[in-house]
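Below you'll find a set of structures to go through.
Both of the next two complexes hold chain A, though its partner changes from chain B to chain C.
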Partner chain A sequence: MRQFFPVEDLARDERFVQTNMAERMKDGRTAIDVEKQSSAKSRGATKRLTPERHDASDAARGLMHGIMVGEIQALEGAGRTAHDFAAGDGTNDTVPFELKLDMARQAWDEARHVEISAKLSDWMGTELGEFAENTVLFEAACSNDPILRLAGVNRALEGLAIDVFTQMKEFGDVAGDPFLEFCEDWMLADEVTHVKMGSDWLRKVTANDPDRRTKALEFQQVVDKLFSFGGARGESADSSFSLARRFRELAGFTDDEVETISAMDAEALEERKEAVRKYRERVGADA
Partner chain B sequence: MTDTSQIESTARPPFAPWDRRDIPGSFSVDETARRVGNYKWTEMKLFEALGGWVATVPELDVKMRLGTHCYHHAWHADLWHKRLPELREMKPERLTVPANAAMERFIEAMTEPEAPELTIEKLVGVYRVLIPRFIAAYTYHRNNTSEITDAPTIRSINFILQDEFDDWRDGEMLLQSLITTPDHVRRAAEHQARLEAIMVEAGGITGPDSIGTAETTSTEGGA
Partner chain C sequence: MSDATAPASTAKVTVSPDEFTFVKYDASEIAAIVTELAEQLELANPIRVIVDETTPLAKVSEEIDAVSSDATITLHAESGALEDRKHPMSFSADVARESLGRILLRAHDRMRPDFADAPGDLDLTLEQNAAWDTYCAGRLARMGVRVNQQRWRYNHRNRFGFHDDVDARFDQLWAADGLGWADLTR
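The block that comes next holds the complex of A and B.
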């Protein structure tokens, strides 16, 4: 078995259709209102997932399917990190033995999350593979530096999972679906643990290597921005879900780090609006 | 003045009548540490392989089982890692080694299959060759070590054996559901035979004495 496993080789059965972030973001069917300057206070045109939205059912099903394939990739990523690096002192392509154990534990947690989200998807009337699978998550787990993987996956991606699960838990509560709320609450507890694992190991392994820590945190910011899905996460009403600030604190994020992510989310939203605006101009010119 | 003849005695023998545990055991502290080091090395190789394979198998149920079992074996490795210093080995990595070169070759051969169409081969190596060897070696160790002096090892083995039996059952049932044609049967049997031959050369998880021999095993054991 190879030491590193490329994203294009991820094994799937024939029901799954894979795509990437670039393909998804250039999709002109985006519902972003590029002309309107929204704020958290202008709830009239909110993109938040609420039962009142006319497309609430499909949006919730799509989000749940996205969670499920994300959990599959998180399972694969944790498994690869447990495999790809030998036990050692954290230098020269090694990771501490206990870090490998944490990754194995995370693999088990993610396997349960796949089970949970597969059952929830079925409960919501969704078939496996009904929505396209974005493989961006596993891409963040492909770095040759294990610390970059922790920054990109455990801190950025699992941080996103905290935000999404908080949103889905609230949706379950508001929609009167205790089954959904129950499951999301349990998964949320695991995700906080995973983010904390990432925060703790990042600090420990780079304690005497400030350059490596800086590089890892920069990578995290890149991934954070990528994972904001063009502003789908953020404080604006144009964003589908918000930053779960309290749970992020529990997971080891500082106030400054949360503010930085919030600012990047807003920036990503504006960039996405600009991209959609240009796309529409081009389509209009071609027509 | 108290009449002592009226006080009910609390004096009892140190071992209750039903407690038949005894001191004699087949393994010294050093020999136990050597075996535990072999267990840890092999459990590590197994959890690494299971974790690595998750991304390579297309079958969703298999993918999830591998992720779950990956943690079981990581936990076993951790139990042995923590046991080693209790057995006077302050540098656990010194004894975290394969029993011999053949055992190392076995792991290389077992982890060789990577392609998505080789799920049967992956599972055969783990659930029809390696885990049965683990069950055998752990059972031999548990039944031959001192029930009193080495109780911590026995306690860990009992927890671990429960996992091994459960995981073996999971893996075997997955295999039975995947092996549905004569060609599948041939592939499974050929791969098992190839791996089994290397394992026989290795002698098992801890080498040729993994499950003892007629000469070394007695009903009394040795102190």
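The block that comes next holds the complex of A and C.
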């Protein structure tokens, strides 16, 4: 069976159209109130995904579709990591056999999440493939170093899943949607386990290789910032969802790590605002 | 603002901006869709379409400056309301027809005397907005516009609750025609 699968070769039927972060960042539009001039009625008083938003159900549908394609890619990524590396002691491109078992378990979980998310999408009135699929998740699972994959996918990406699922669970709870709240709660429990697996294996495999650990944590930071989607995650009212601090703690993140991610989210938001301002100056449009 | 009037139309439709910078939209294509919808609704009023292309959000709203056949109808749309969701920044005629048709139906409703008490679009409560959307989306589907009923059912449930009686009310509004504002909000 083929190893090290490139993102371009992911199998999708004709319903799905893929995009990537580079394409996404070309979009000069923003829902962020860059100049703080727009009225609450025109732009919405908050970007936080809550039922109080005027576009609450559509925003939830869009996010749910993003979760669904994210689950497909997480399944593909975990499956690849279980298969791409030989069993060994963790050196020379090998991974401990128990790590492969954890990846196989994660693939099983993600397959279940795909089914759940597809059914939730149907329940919410979304067609499969209705929105573009951003392949950024699988791209983070393409590193030649399995430890970088754990840092990028299990800690950064599954960490983001914890934040998003917490917000969606709360949305379902407040809106009174019994299926959304229930399903997100169960999937959230799995995501905490996946992040914990990443945290534990990263520490174990790099116990005697501090350089490799540093490199992996640096890669995680890069991915974390990318996955902040220009400040979509953060404490600001301009962000759709916030860091789920308690669940991240349960998943093995230290307080310092959570603070670092929070600071990066704020930085990503300011960078996005600056990029939008520059774009608007260039095209001569009114903010 | 461009005069992007489509031919063979009784309604004069203009679209602003006439050239788009942030998105790949064509003002004349938007005008043609609105003209076609206005013809179906037998609306002869002048219609202004104002698109906010600086935001990817999808809010739409309408206003009329008087209740008469020559009053100007203004349709406001954020760019996401006209967007192909598979290809961000690209136009979708189907999505535009669904979004603009919905608010054109609202404007059509406002011409009725029994809608005189309806608040302006931006002053509607979330529940009033959802009930009116359900009523408009149902009629739009019967006009032949592609509408996903489950999407609107979910929107309705989010505002009124996830219960059987809410679903029954949704079905009533969806199938209804000729309602007044009081019928809509009872």
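Assume the second predicted complex is superposed on the first by the 275 of 287 C-alpha atoms of A that agree within 3 Å, B and C clash if a C-alpha of one lies under 4 Å from a C-alpha of the other, contacts with A are read in each partner's own complex, and residues count from 1 in each chain.
Following the convention adopted for this analysis, a residue touches a chain if its C-beta (ideal position, glycine included) is under 8 Å from a C-beta of that chain, and two chains touch if they have at least 3 such contacts.
Treat the numbers as computed from the prediction; the structure is a model and nothing was measured.
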Joint occupancy of chain A by chain B and chain C, clash or fit: fit
Touched partner set for A:125, first chain B, second chain C, both or neither: second
Touched partner set for A:226, first chain B, second chain C, both or neither: neither
Contacts of A:54 with chain B and chain C, given as first, second, both or neither: second
Touching partner for A:79 - first (chain B), second (chain C), both, neither: first
Partner chain(s) touched by A:114 [first = chain B, second = chain C, both, neither]: first
Touching partner for A:13 - first (chain B), second (chain C), both, neither: first
In the superposition, chain B vs chain C on chain A residues touched: C
Superposed model, angle subtended at chain A by chain C and chain B (C-alpha, nearest 10 degrees): 120
Least C-alpha distance (whole Å) that remains between chain C and chain B when both complexes are overlaid: 18
Complex interface listing, chain B residues touching chain A: 44, 47-60, 63-68, 70-75, 77-78, 81, 93, 111-114, 116
Footprint of chain C on chain A - complex, ascending: 17, 19, 23-24, 26-31, 41-44, 51-52, 54-58, 60-62, 122-127, 129-132, 175-178, 280, 283-287
List of chain C residues in touch with chain A within their complex: 21-23, 52-59, 79, 85-89, 122, 126, 129, 148-155, 157-158, 161-162
Complex contact set, residues of chain A against chain B: 1-2, 5, 9-13, 72, 75-76, 78-84, 87, 97, 100-101, 103-105, 107-108, 110-112, 114-115, 118, 128, 138
